[in-house]
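Okay, so chain A shows up in both of these, paired with chain B first and chain C after.
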Partner chain A sequence: MSPRQTRPRTTGADSTTTVNLRLYIAGSAPNSVQAVTNLKRICHEHLRGVHRLQIVDILEHPQRAMSAGILVTPTLVKLSPSPATQVVGNLSDTEKVLIAIGIRG
Partner chain B sequence: MPKRLSPLTKVATGIEGFDLLSNGGLPSNRSSLLVGGPGAGKTVFALQCLVNAVRGQRGTGMFVAFEERPSEIIANAGSFDWDLPALAKKGIFFLNAHLSPTVVKAGDFDLAGMLAMLASKQEEIGAQWIVFDGIDVLLTLLQDPVAEMREIYRIRDWLEDRALTAIITAKTVEGPYEVVHYGFLQFMADCVVRLGRRQEDRVAVPWIQMTKYRGSGYASAEFPMTIGPSGIEVAVIESEVSGRRASRQRVSIGFDDLDALLGGGVFRGSGTLLTGLPGTAKTTLAGKFAEAACGRGERTLFVSYDESSEQIARNLTSVGIRLNAHLKSGLLRMYSARTEGLSAEELLTRLKSQIVEYQPGCLVIDPLTAIAKGSSTATARSVASRLIYMIKDEGITLLVTALSETDDPLTESTDLQISTIADTWIHLSYLVSSGERNRALTIVKSRGTGHSNQVRELILRKSGPSLSDVYTAGGEVLMGTLRWEREAEESNRKSRQLNEYERKRRELQLVEARTLAQIESLQMELEKQRVELTSYSSDKDATSISAKERENELRRRRGNPADRASGKTKRSSSN
Partner chain C sequence: MHESTVFPTEGLDTSPGKPRLKRVLLCLVDGGPERQAIEAGEIDAVIDYADRKVILFPAAERALRSTSKPTSTREPHANRILAALPSPEYRRLQHALEPVMLTEKQVLCEPGEPIRYVYFPLDSVISLLATAGSRRVLEVGLVGFEGMVGIPITLGVDVPSVRAMVHVPGAAMRVPEAQFREAYEKSRTLRHELTSYVYAELAMARQIAACSAFHTIEQRLARRLLMTADRVQSDLFSLTQKFVACALGVRRESISEAAGRLQKRGLIAYYRGNMQILNSRGLQSASCGCCTRIKRSNDHIRSDQRSMGGDG
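Now for the complex of A and B:
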């Protein structure tokens, strides 16, 4: 029942606040699998040590996704710092992801 | 891919008319596609199916809203008598699938997660129905034809797995784009229904059309529909004639003279059509009909278009028709409506709800032709006939008036074509001659009733309308002054004729007398001659006797008279 988590690593990064991310996926659907891979890469490259990532599988926790207002998969939600943002898609467009979660732009 | 083995079964939508044109409703456990432009009524149709299912306890449903937020949908449905918030609690689950415009799209995505959520919800509430409202919004978001097709397939497979009866709505724009973009959607669905609006004389008339139904027959025409207080109604005329038993009971049409012409009134539950030019007293007769109906204690609904009920009640008072008491007692209801800017279908829906609410025994619509103002002839005709059929099915005694364009009753048939559905058709006209206009009444037809074909004069007095016997002369009907003149002239002529006759008679009597006198004198002459003749004959007898006597005398004198006499006789006889 508990979502998979990756421990925040506090290495020297360009931001001091922790970025809280939650990725909703649908099992092993191709887009979902790609999203997990892409997000992990992005976090590793740009948010090392300053993020917390939760991955929620909707197939296992449909109610949870529903109450969060999730619609399509995969959906990445930046919970904090505010403003909260949503990114949909397999996160192949790194630039857009970075802008959306407030690292660039 | 799962195989479809189950035969086609249908599930009623409960939408009036639609179940009729689709021969029983939508395909159950399959998907139906609802396409149409913005505001065509797609959301209402889909929602109404769910509402009817929950109300009729035929199942529960899920409503996935891609375009509008559920709160907006529920608020918009507030104009219908559905009590949607209560029903939603009972068995309609709304999913807000409205993707926020602030959402960033970074790569390809799919609906696998959403379908998983819906599957879990279906299990939770035991839903049989699902609506995907505005799937075009979602597909546009995918921005990739291949992805669109993949997601449509995904939905289709999912629906088959879940055995849900699905309604998918998609906004379309007329044109080739629609074919390219939604061709595949149409292919995927088992049933395709199109909704639209067409402009008819400044009024938009919504219509519905079924373009595809796998494994089932359907009516393929564009049917006009209305979105009224109870939702969508599709205007389909039932092909079977109602089995309601025809009443043999006659009720008064308003006044004795006319009842007498119709053989005692009109049949209860029949429809009477009253046609005529403006001012031919159609409303007066309609008012009289209503008054008589209330007088019998029948609930009566008087529908007037483009004239207020107060005006009508006031105007009718001048010809002795008093409706105010019945209005006060609640036996009579007057309903006035403006027709401006409303389509015939909308007017029909409003009228229907009045009838359903008031449950009248008698109904007047004055004039029915007003409903045709905002619509094409075909629509108005369809509405008029459906209205009359509906009223007849309810067993309501109906009187409708219709404004005719010309004074010839036969041209009415080109107008609304209601004359064929009406049981009784009374035509009012003017006969203008010698600077006078007189109202004339003709019974054009009356089913099941022997009636006079002659034209009567309709006279309106303070005491009410009455009919005057026809005055025909030389094949034409005369009225008013002309009639009086002709009557006077006729009576003069008659008295002249009488005089002439008298004179002739006396003359003849005189001749007769003279002849008789002549006969008498001749008779006297004859008598005289007879007497003469008799006397002449007796003279001759006398002479012959004397001759015989003289012969005898001679014989006696000569002696042997017998022999001589006989021999003489023999000779003369042999000669």
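Now for the complex of A and C:
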């Protein structure tokens, strides 16, 4: 399999569409640390070069989480391409994350 | 980035025993993704929109505390025995005190093996387990900030009769056995404090023995939860049903059923390893009263100490 064939694609967008992700965490609490690690691995494997990741620590910026309607942390939000989706938990279920961010249909 | 986060206090509610967490959790949709993730133990915090606060789950709170406060700066006086020492006596022991972080299920001493260190828990809780065969154990004591692990040394014995296993992870101060022995011989206050504590530990073991023989699993579970809350000084703590089942010498399923009944009565909330006492008085009524008896004997000792002016 050539590298081009393994290049990830997002559903409904071409492979150059940037996926904007925002991960809400609670400092270095165990699930938050795990979520960051898992997400970075997923991005490295499936979204290399075509994503933008922003991490929001709700202990430092609670208002940002509240204005986004976040209920729990960790929460990963895919901001674009639309539709916006979200997944909660430590992101250990890679398949669930890939579906949520539109890589698997 | 998150790795360098300093544990903030502003806008953050970690105060124990408040029904806030329960109220927020009740607002989450039953069977919804948030509830499912909480039940799977994958959530660190919830946001309370009514009070505009972030509420941490106990495991997250503990983890953040341990990363935000290096063990070397923890206050040794959080331990009641160390706090009772007058400055000159404390200074004599100080050079030998070493701050350590204890992890869950860490074994501090085993029956028949020489005691290498004595431990003064700060915010950790240690379970004293009597062994019966290779796999069966029964909890005969619980040591928190009020006590010390390594009591046999004060009685001139250097091997323990029980296993000391960390139940609630956290900080403690430890002293090598030889240096503790030296300080014990020189410090009148330390001897006085520990004589009282030995009596308290003995009274606790006797009460637990009676409790184990005569009371129901539900009563014993309630007693155990109250004892843990007393030692962590919080109504919110980490606790696995497996550990409690092991400590009480019963099947895990029995603990699960008993916890379910207490939860149904609104006395506790249990979310995968996180325990919250919602109604302390109600839980006391549901317990057998052994926790109160243990506490009362401790109070008697402390009031006797005060009346004797035990600070030599």
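The rule is short, and it goes like this: the second predicted complex is superposed on the first by the 91 of 105 C-alpha atoms of A that agree within 3 Å, B and C clash if a C-alpha of one lies under 4 Å from a C-alpha of the other, contacts with A are read in each partner's own complex, and residues count from 1 in each chain.
One rule holds for everything that comes next: contacts are C-beta pairs under 8 Å (C-beta built on N, C-alpha and C of every residue); 3 or more make two chains touch, one makes a residue touch a chain.
None of these values were measured; they are calculated from a predicted model.
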Joint occupancy of chain A by chain B and chain C, clash or fit: clash
Chain touching more of chain A, residue-wise (chain B, chain C): B
Touching partner for A:T85 - first (chain B), second (chain C), both, neither: first
Chain B versus chain C as contact partner of A:V33, first or second or both or neither: second
Touching partner for A:I99 - first (chain B), second (chain C), both, neither: first
Chain B versus chain C as contact partner of A:A68, first or second or both or neither: neither
Touched partner set for A:I55, first chain B, second chain C, both or neither: second
Location of chain B clashes with chain C - one stretch out of 110-118, 254-262, 344-352 or 416-424: 110-118
On chain A, the residue positions that both chain B and chain C contact, one per complex: 25-27, 29, 31-32, 58-59, 62, 65-66, 70-74, 87-90, 92
Chain B - residues contacting chain A, complex: 95-97, 99-100, 102-114, 116-117, 119-121, 138
Partner chain B, residues of chain A touching it in the complex: 24-27, 29, 31-32, 34-35, 38, 58-59, 62-63, 65-66, 69-76, 85-93, 96-97, 99-100
Sites on chain A touched by chain C in the complex: 25-33, 36, 55, 57-60, 62, 65-66, 70-74, 87-90, 92
Residues on chain C engaged by chain A in the complex (per definition of touch): 1-3, 5, 7-8, 11-12, 28, 33-34, 37-38, 40-47, 49, 52-54, 56, 59-60, 63-64, 67
